[in-house]
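See structure below.
By letter and in written order, the chains are A, B and C; residue numbering begins at 1 in each of them.
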Amino acid sequence: MRQIKRRIYPIEENCMGCRLCEVACAVEHSRTKDPIAAFLEEDWEPFSHTVVEMMGPISFSLSCRHCDEPYCVEACISGALRVEDDGRVVVYEEVCVACGMCVVSCPWGAIKPRKRNGVVKAAKCDLCPDREVPACVAACPNRALIFDTALGPGLEKVEEEEIIEG
Amino acid sequence: MLYDSVFVFPNFEVERNYERCIVCKACVQQCTFDATFYLPYRGRVVSKDTNCVGCRRCEAICPTGAIKIRRYQGEFKENAYWTPRDLKDLYKQAEQGGVILTGGGNDRPYPIYWDHILLDACQVTNPSIDPLREPMELRTYLGRKPDRVEIEYNDEGEPELKTRIGPNLVAEVPVIFAPMSYGALNLNMHRAEAAAAKAMGTYWNTGEGGLHRELYPYGDHTIVQVASGRFGVHAEYLQVSAAMEIKIGQGAKPGIGGHLPGGKVDEEISKTRMIPVGSDALSPAPHHDIYSIEDLRQLIYALKEATNYEKPVSVKIAAVHNVAAIASGIARAGADIIVLDGFRGGTGASPAIVRDNVGIPIEMALAAVDQRLRDEGIRNWVSIIAAGGIRNSGDVIKAVALGADAVYIGTAALLAVGCTLCHKCYTGKCAWGITTNDPYIAKRLNPEIAAERLTNLLKAWAHEMKEMLGLMGINAIESLRGNRLRLRAVGLTREEMDILGILPAGA
Amino acid sequence: MRYVIAGNSVAAVAAIEAIRRRDDGGEIVVISPEPRTAYCRPLITYHLAGQVPSERLPYKQEGFYRARDVRVIYGKALEGLEPEKGRVVLTGGERLEYDRLLLAMGARPFIPPMDGVEGPGVYPFTSIDHMEAVEAHLKDWREVVVVGAGMIGMKAAEALHSRGVRVTIVELLDKILPVVLDNASSLWAQETLEKAGVEYVLGDSVVAVERDPQGGVRGVTLKSGTFIPCQGVIVAVGVRPNVGPLEGSGIEVNKGVIVDDRMETSLENVFAAGDLVEAYDLILGAKRPIQLWPLAYRQGLIAGANLAGGRKRYVGGFPINSVGFFGFKVASAGLSTVEPGVEESFEVLVYEDREKGIFRKAVVGNNRLMGFLLLNDTSRAGIYSGLIWSRMDVSPFKDALVEEVSLAEACRAVTRGMEPWSFDSMRDFRRMGWALFPRSYRKHFTAMPSRIEEVCAFESEVCTI
C-alpha cells in the first residue's frame, strides 16, 4: 500500500528570508484571515507554524515534516497528536493539555505552544486544510517552498525495508 | 537628516501607511541600502529617505501594500537649466571629490529615433498574412554568407551545394541576451539566461567575465566574450562555445575600460575569471594588442585557429561617430558578426558623465553601417547585431528593417527578472538580487523563475514579431532585413531621414 | 498465534498497533491490572487540578480494542511466568498460554521506609486509584506534605495547591527536580515556589508519619527533627520496574528486565517494553531503565513489530522532559544536570537573562550535544533534542547553541544530518520525513523543471531508494 504523503519542502538555495511564509501562515490561522486584521486588530496573537531560520546567507522556512513515525505523537501523553489516514500529523486541540512533551521531542522544533484566548495548546503545521496549496507555499515569492503531493512510500513500504533503522 | 551632510537631498521618499503596516519587517529585511529600519522602542518600521534608491523592492514585497515609494516632494527652486539632478551630482562631487558612478543605460532625454519610425502595413492591393494560419519564419542565420552559391550535379543528376558555407549561428528568434559578465551579474542570472536561451533556441553571451564551469553544458547556446582583460579565456572556454566575441567597446562607456572591485571577486568568480580572490578585475580601455584593423584580424584568426574554424567570430564595438568605416574594416578583418552597441546600452558600472554624454544612437549607427557595407558590396560578409536599448518587439522589427540581422537585449532581460532601473548596479547591493554577488542577496534571484520569465519574454516578442511581419505581408524575417521601404519617419529632419535611409510619412 | 500482552498502558497500546499492522489474524490478549482501558498516567495531576475532565483521561477507548479485535482481561495482573510451559499465571491462579508474550507491566511507585507509612492518608500518585483516593480526602485536607520534588511531586504539589491545600515539599537532595535541574536553575524554581506560596524543605527526608489515635495522619517528622503538621502525605520519590511477578521464571533481570535491541528478553518469545525494561541509553552508552512515556511508546512499537515477525531495532533513547508548574516551564533532555566546570569531559554552555526570564544550558561532550536545559522559553527545545538524536558534531556552531541568535546553523545541521544520503549519524532518519529538497535537484537543471509535478516525480524516485 502506498499512501499519499504530503509535505512542504523548503529549498534553502531559494529562500531569501523575507518571512512572508510566516505572515501567510499567521494570516491563514487567524480568526479573520485578513492580513491587516490578523496582525493589528484581532484578539488572537498572530502565530506562524513555520519558522524561517536565518543565519547569514543561510535561511529556510521550516515547518512540520509530517513524519511517518513522528516523535511528537509518541511523546504526546494525552493522545492529542495523531497521524491521520492521509499521513498528516494533527493536533486535536480539545484534548491537548499543553504538557510540552511534543515541543521538546520534535527534532525540527516544528511544534510550538500557542496561546489563544488565554489557553495554551500545542500548535503545528496543519497543511492548511481549507486551501489547495498551503498558505506559506502560495505566499513564497521565490519558490523556496514546494508542496509535494506525490505518492510517498506508505508505512507498509517502509516497514518492508526496515533492516537497520529503529 | 541628523549626521548626514547638509548637502544631501533625498531622491525618493518612502511613504508608509501605518494603518496597513503589520510590522512583519519584510521590507527591513529586503532593503539592501539601509533605507528601512525597525525601531523596537517605537514598535515601528521607519525609513531614511536619503538612503532610498527607488528600487521599489520593499513596495513589491510588502504583504499589505503599506508602502509607496514616491519622488521626494521637497523641491529646489524651479530652474529650466539647472536640473535637480545637476545640483545633487554637483553637491556630491563637491563633498567627495570623485567621479560619479552609475549603472544601467543612458537615461537622458536624447531623441529616441525608434519612436519617430513607423511601420508599413498591407491594405487591399497586397495581402497581409495571418501568422496563426500560415507559417512564419523567425529563424535567423548569423555569420558570413558566400558571395554567390554554386551548385553541382552528382552522379545521379541531382543538384548539390558546391559552395562551402562558413560557420553560422542559428537563432530561432533574432533576439540574443546581451553580454553581461559573471561578476557584474551573479551566477543565478547566468543560469537563467543560459536556460532561457536553450529553451528558446537562441543564444546568450557571457560578457567578459568568463563562463562558470557549471554552465558548460549550455555551451551550444553560449557566445563567449574575449575582452581587453582576457578574463577567463582559455582553450576549453573557446571550444565549448557556439561563437566567440571580441569586445572592443561598450555603448554605455565607449573608449573606457571596466573595473570589477576586488570585493566582488569571490571564490567562484576568481576561479571563473582566473584571477586571485579579492583582486580588482581591471579591463584596460583598449586591447593592448589591437591598435589597427590588422591587429584585430590577427586576434580574429587566432580565435578561429584555436577552434578549428568551426565557430563564427563576432566583434562588438560601441556606436561612435565613424562607426561605418570601422565596421567596414572589421568585416574586412575577417569577422563573421559585427555587434553595434548604441549609447542607450547599459553597464554594470560607468562614470555617469561618460554614460550620459558619449556615443551615438543605435538607429543611426545601424543604418549607416548597413548602408556602408551595402555600398561596398560586403554586406553578406557579416551579420549585424544591434544592441543598446531595445525595449520591445517593435524596436526589434524596426532594427531589422534598418539592416540588423538580430538584436541583443540586456536591460530588457534584466527588467524581465525584476530590475526596476534604479541604476545602482555598481554598488553590488542590487535589492532584486541581479547585479550582486552577495550570497545573501543573490538568493533572491531564483534561476528557475528567472529562466521562465526570460523564456516568456522571448515567446511573447516572437509572437508579436510574427504578427508585425504578417501585417506587412512578409513571412520570413530574412525578407525584412534592410527593407527600409517599409519604414516611414515622423518628425525627423531631412538629414536624419537621409542617414536612416527612410522616407517621411506620407511619401 | 496468540499474543499475550501483560500490562495495559502506552507500551501495550503501541504494541497492539504494531502487531495489527503486520498480523490481522493473530489473537491478542491484554492483561489489564486496572479495570479500565489504557489511560494517561501523567494526566492524573491535571485531572486533580481540574484541568482535564475524567472523560478525557483514557488514552484509548473501548473502541480501540474492539476495532483491533483485542481481548482485554480487566482487573487481573500477571502474577507469574512459566516460560518452559509457555504460559503466564494471572491473579487468582488462572493460567494463560501464549505464543508470544510482551511484558509491559510498567513500574511500581517506590515507598521509602518510614514509620507509620502504612495506613490511610499516605498515597503514592501514579494511578487513577491513587488520584481518586486523594480526591476523596481532599475536603478534609488543609495541609499536605509531598515527599519528593521530582516531576510527579511537583505536578501533584501544583494540583493540590490549586485546590486550596497548603503544600510542603520535602526533598532528600538539595535541589528541586534533582534529575533535571542543576544548582543555578533550581534557584529559579525555588523562587517560583516561594512566589506561589509553596513551602519546601531541601536536603531532608521524612523518617516518620505521625498519626493520631484514630489512625489519621497528623504530621510528619523529618530527619532533622522538624515536625510538619499535615493531614495527608503524597509519596513521589520515584518508581521501580515492576519485576516482582517475574521472580523464579529465569528471566534475566537487573534493575529492570534486560532486553536486546529488538526488545527481546533472555527468554524465547518473550519481549518486554516500557518502564519495566532496562534498554539502551543513547547518551550513556549503557543499558538502564528510563521511565518515560515517549520511550515506552517507542519500545512498545518496536516490540510489537518484532512480536509479529518484524525486524525493527531500538537505537536507544535518552530522557526527555517537559514540565511546567506555577507558570515555570522546564524543558530538558539528556545530561541536563551537569554543573559548569565540574567535569572536564563536558563543556557546559550557559546563557542566562534574568530580566527576560531566559535560561539556556547546553552540555557538550566529545563535540556532541549530550543534554540541554531550557527554562521558560522552551518553544524551540526540540531542535536540541534533534541534535542529540542525530549525534551530530556541534563544534562548528557550538557558540551559537545557547545564545539568543537563530538556531539556523544548528537546525540546518539537523536537517542536513537527516537527509537520506548523509545519514550515517542518524540511522533513524526515515521516520522523520525527508528534510530539505534532494540535493540532486540542486545540481543544476539541464532540463528545467518548469512544473512542480516534474520535480515531485523526481523527488519520489529519490524517496524510495
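Here is the rule we go by: a contact is a pair of C-beta atoms (placed from the backbone, for glycine too) under 8 Å apart; a residue touches a chain by one contact, two chains touch by 3 or more.
Note that the coordinates shown come from a computational prediction; the quantities given were computed from them, not determined experimentally.
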item	value
Pair of chains ranked first by number of touching C-beta pairs	A-C
Most centrally placed chain, judged by C-alpha centres	A
Centroid spacing, where centroids are CA-atom means, of subunit A and subunit C in whole angstrom	24
Inter-chain centre distance, subunit B versus subunit C - centres from mean C-alpha coordinates, in Å	66
Centre-of-Cα separation between subunit B and subunit A, whole angstrom	44
Set of subunit A residues in contact with two or more other chains	13, 59
Per-residue overlap in subunit B, given as positions that touch at least 2 other chains	448
Residue ranges of subunit C in contact with subunit A within the complex	14, 21-22, 40, 42-43, 46, 51-52, 56, 59-60, 261, 293-294, 297-298, 301-302, 305, 310-315, 320-324, 329, 331-333, 378-383, 385-387, 389-390, 400, 405-409, 411-412, 414-415, 418, 427-437, 441-442, 452, 455-457, 459-460, 463-464
Subunit B-touching residues of subunit A, taken from the complex the two chains share	13-20, 22-24, 35-36, 38-40, 46, 56-57, 59, 139, 141-144
For the subunit B and subunit A complex, residues of the former touching the latter	19-20, 22-26, 29-30, 61, 63-64, 433, 438-441, 443-444, 446, 448-449
Complex interface listing, subunit A residues touching subunit C	5, 7, 9-13, 51, 53-55, 58-60, 62, 65-71, 74-75, 77-79, 95, 97-113, 146-153, 155-159, 162-166
